[in-house]
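Right, one structure below, let's go through it.
Letters A, B and C mark the chains as written, and numbering starts fresh at 1 in each.
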C-alpha cells in the first residue's frame, strides 16, 4: 500500500519534527505513475477526488481497489485507508492541480463517492451506490445499485442499467436515463431529458430549454411528472393503464397520437391560450402531470416514432 | 453470574427494546438482584461517558493549520466577501420549502408560507393562517433578497472559475430569468391561475438552486 | 448532538464552558460564512471554538501521539470543504462528521505503520480479567484507551458523542447488530474501572 505524506507539510516543519515524522513513516513513494492495489471489503466506500482530468471507474470481482494514475510532477496522489473505506485524492503542491487521469477498479459492490471540477467521470460495471459530481465534464454511469446521484454543470449526464433511487442534475446539457428501475428525479436547465426503458412508480423530470420524453411503465398508484418551459413534452402511455392525466400548457398545444378515452375536459382559460386537459384512463390510479409553458404536450403509445424524434 | 437477559441490558438501558421484550426484562429484573446490579453498573458507565468533557490541546495547533491553508495563495482577483449567512440560510429554506410542493399565491385566500430571514440557522418558515398581501410581498421579497445575496456571492468569486464555466452558468441563469419573466407577465394577465402561481414558485426555486450551486463551486477549493 | 459539553481549558481542572450550544452556533454562522469566502481570521475563531472537541475525540479514537496531527488534518480538510457546507445542520455537527471520517481513515494508516503486535482478543481478555483492577492504576480513561480500536470507536461515538447505532454502522461500515453487541461488550468491560 502506498502511503503519502503531504509534501508541503513535510517542508514546513522544523528539522527536528521532520526527522521524528520520517522515522515513524513508511518511505514516501514519489510516483511517476501510480499503480497500487489495496485490499478492501466487498462493500467498501471508495472516495475519489480529482480536480481536473478524468476519473474512470470499473468494477471487478476482487476484494481490492486498484488505482492507476498518469504521471505528474506537479501533483500528488494521496491514498488513505483500507478494508472499509478508501480515500483517493489529488493534492497539488502549489496552485491549481494539473489534469490527471485516474483509472480505478473497485469491487463490484463498492459504494462510490466521486468528485471533481474540470473532470470527466465515467463509471461502469458496478452494483453499489454512486455519487458523482463535476462542474465541467460529462458524467456517465453504466450500472449502479442503490442511492445514485449524478451532477454536472457544463456536461451531459447519462445513466443506464441502474437500479435504485436515481437523482440526476445537469445545467447546460441534456440528461439521458435508460433502463432504470426505481424512483427518478432528473433536472436540467438547458438540455433535453430522455427517459427510455424506465420501470418506476415515481418519476420527476424537469427542464427549462429542451424537450422531455418518457417511455416506460405507468404503474398503479405511481406518480409521474414531466415539465419544460419551452420544450415539447412527450409521454408514452401504454395500453391498459390506470392513470389520471393532467396536461397543462400555457402557450403551446396539446395533442394525442391515439384516441383519448372519453371527451377530455378541455379548458381554455383567461387571456392566453392556456390549455389544461384532464382525463382518466382505466381507474385513474396513477397520476401523470405533463406541463410545458411554451411548448407542446404530446401523448403517444410506446414505440411511436414521435418519441424517437426528440 | 450471567443469564440470557444480561446480553439485553445495554439495549434496555438505551431504551431500544420493544415494549414486549422490555416488559419481560423488567419482570425478570424484579426478581434478579444480579441483573439489577449489572444494569446499574452499565447505567453508571453510560453516565460516566456522558460526563466526559473536552480538553483544549496542550500544544497550539493553529500555527501549522494556518500555514497549510495559506500555503496556496488565493486565486487572482479574489476578494474577501462576507455573505450574509442569514440570507444564504434563507435561500436554502426557500429551496426546501418550495421543493415541498407548497403552493403559494400572490393574491388568493389560501394558506401562505412566509419565509423570514433569521439570525440563526433555526426554523425559517412560519405558516400563516390568515394570508395578507404583506405576507405575500414578504415571500417574494425574501426570494429576491436570497437571489440577490447569492448573486453577489457568486459575482464576488466568479474569477475563480474558468471563463467558459462562468459563461455557461450565466447563460443558464439568464434562461431561467427569462422563464420567470414570461411566467410573471402571464400571471399579470391571469392572476388567479393556480398553475401559473405554482409554476412561478417552481421557476424561482430553479434559479435559487442554480445560484447556490454556482456559489458552492466558486467557494470550493481544489 | 444536543447535550451541553464541558470543556477543560487548562490541564487538570474541569470548568463548565460558559457559552451554550445556541450561542456557539450563532457565532459559527457568520464566521463560517466569512471563512468560506477566504477569511483566515474567521476560520481561526472557528478553530478555537471547536478544537477542544475535535482534539479530545482524536485522543480517544487515535491516542495521544496521533491526536495533534489528526486535529490539524481535520481543520485543513474542513477549510478545503467549507464550500460544501450547506447549513442544513449545525456547523459543529458537520465538522464532527468530517473529523470522524478523517480519523477513521487515519486509523488504518497508523495501524499498518505500528504493526499491531497484540491480538484484539488478548487485549479484551486482559482488560476483562479479574486481575485488572483500579489498584493497578488503570482508571476509566486509561481503560478506554486500551480497548481495541473498533470497540473504542463505537464506545466514543455512541456513549460519549451520542450517535445512534444506525449512524455508527454507516460510518464504520459494520452492521447495526455488530455495533450494539460490541458496545455492550465494552460497557461490560469498563464497568470494572468506574471507581477510578
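Everything below uses one rule, namely that a residue touches a chain if its C-beta (ideal position, glycine included) is under 8 Å from a C-beta of that chain, and two chains touch if they have at least 3 such contacts.
Here the structure is a predicted model, which is why all the values come from computation and not from measurement.
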Which of B-C and A-C has more C-beta contact pairs: B-C
Central subunit by CA centre of mass proxy: B
Per Cα centroids, the chain farthest from chain C: A
Euclidean distance of C-alpha centroids - chain B vs chain C, Å: 24
Mean-CA-position distance for chain C and chain A (Å): 34
In chain B, residues with contacts to at least two other chains: 64, 68, 217, 220
List of chain A residues in touch with chain B within their complex: 6, 8-9, 12-13, 51, 92, 94-97, 117-118, 135-136, 153-154, 171-172, 187, 189-190, 206, 208-209, 227, 229-230, 248, 250, 269-272, 274, 276, 291, 293-294
Of all residues in chain C, those that touch chain A in their complex: 101, 104-106, 108-109, 112-113, 172-174
Residue ranges of chain A touching chain C (in the complex, touch as defined): 1, 3, 24-26, 41, 43-45, 80-87
Footprint of chain B on chain C - complex, ascending: 3, 5-11, 14, 22, 25-26, 29-30, 32-34, 36-40, 43-44, 47-48, 51-53, 55-56, 59, 67-68, 71-72, 75-76, 79-84, 86-88, 90, 140-141, 155, 159-160, 162, 165, 180-181, 183-184, 187-188, 190-191, 194
Complex contact set, residues of chain B against chain C: 7, 9-11, 16, 38, 41-42, 44-46, 48-59, 61-62, 64-66, 68-70, 74, 78, 80-86, 88-89, 92, 119-121, 153, 156-157, 215-221
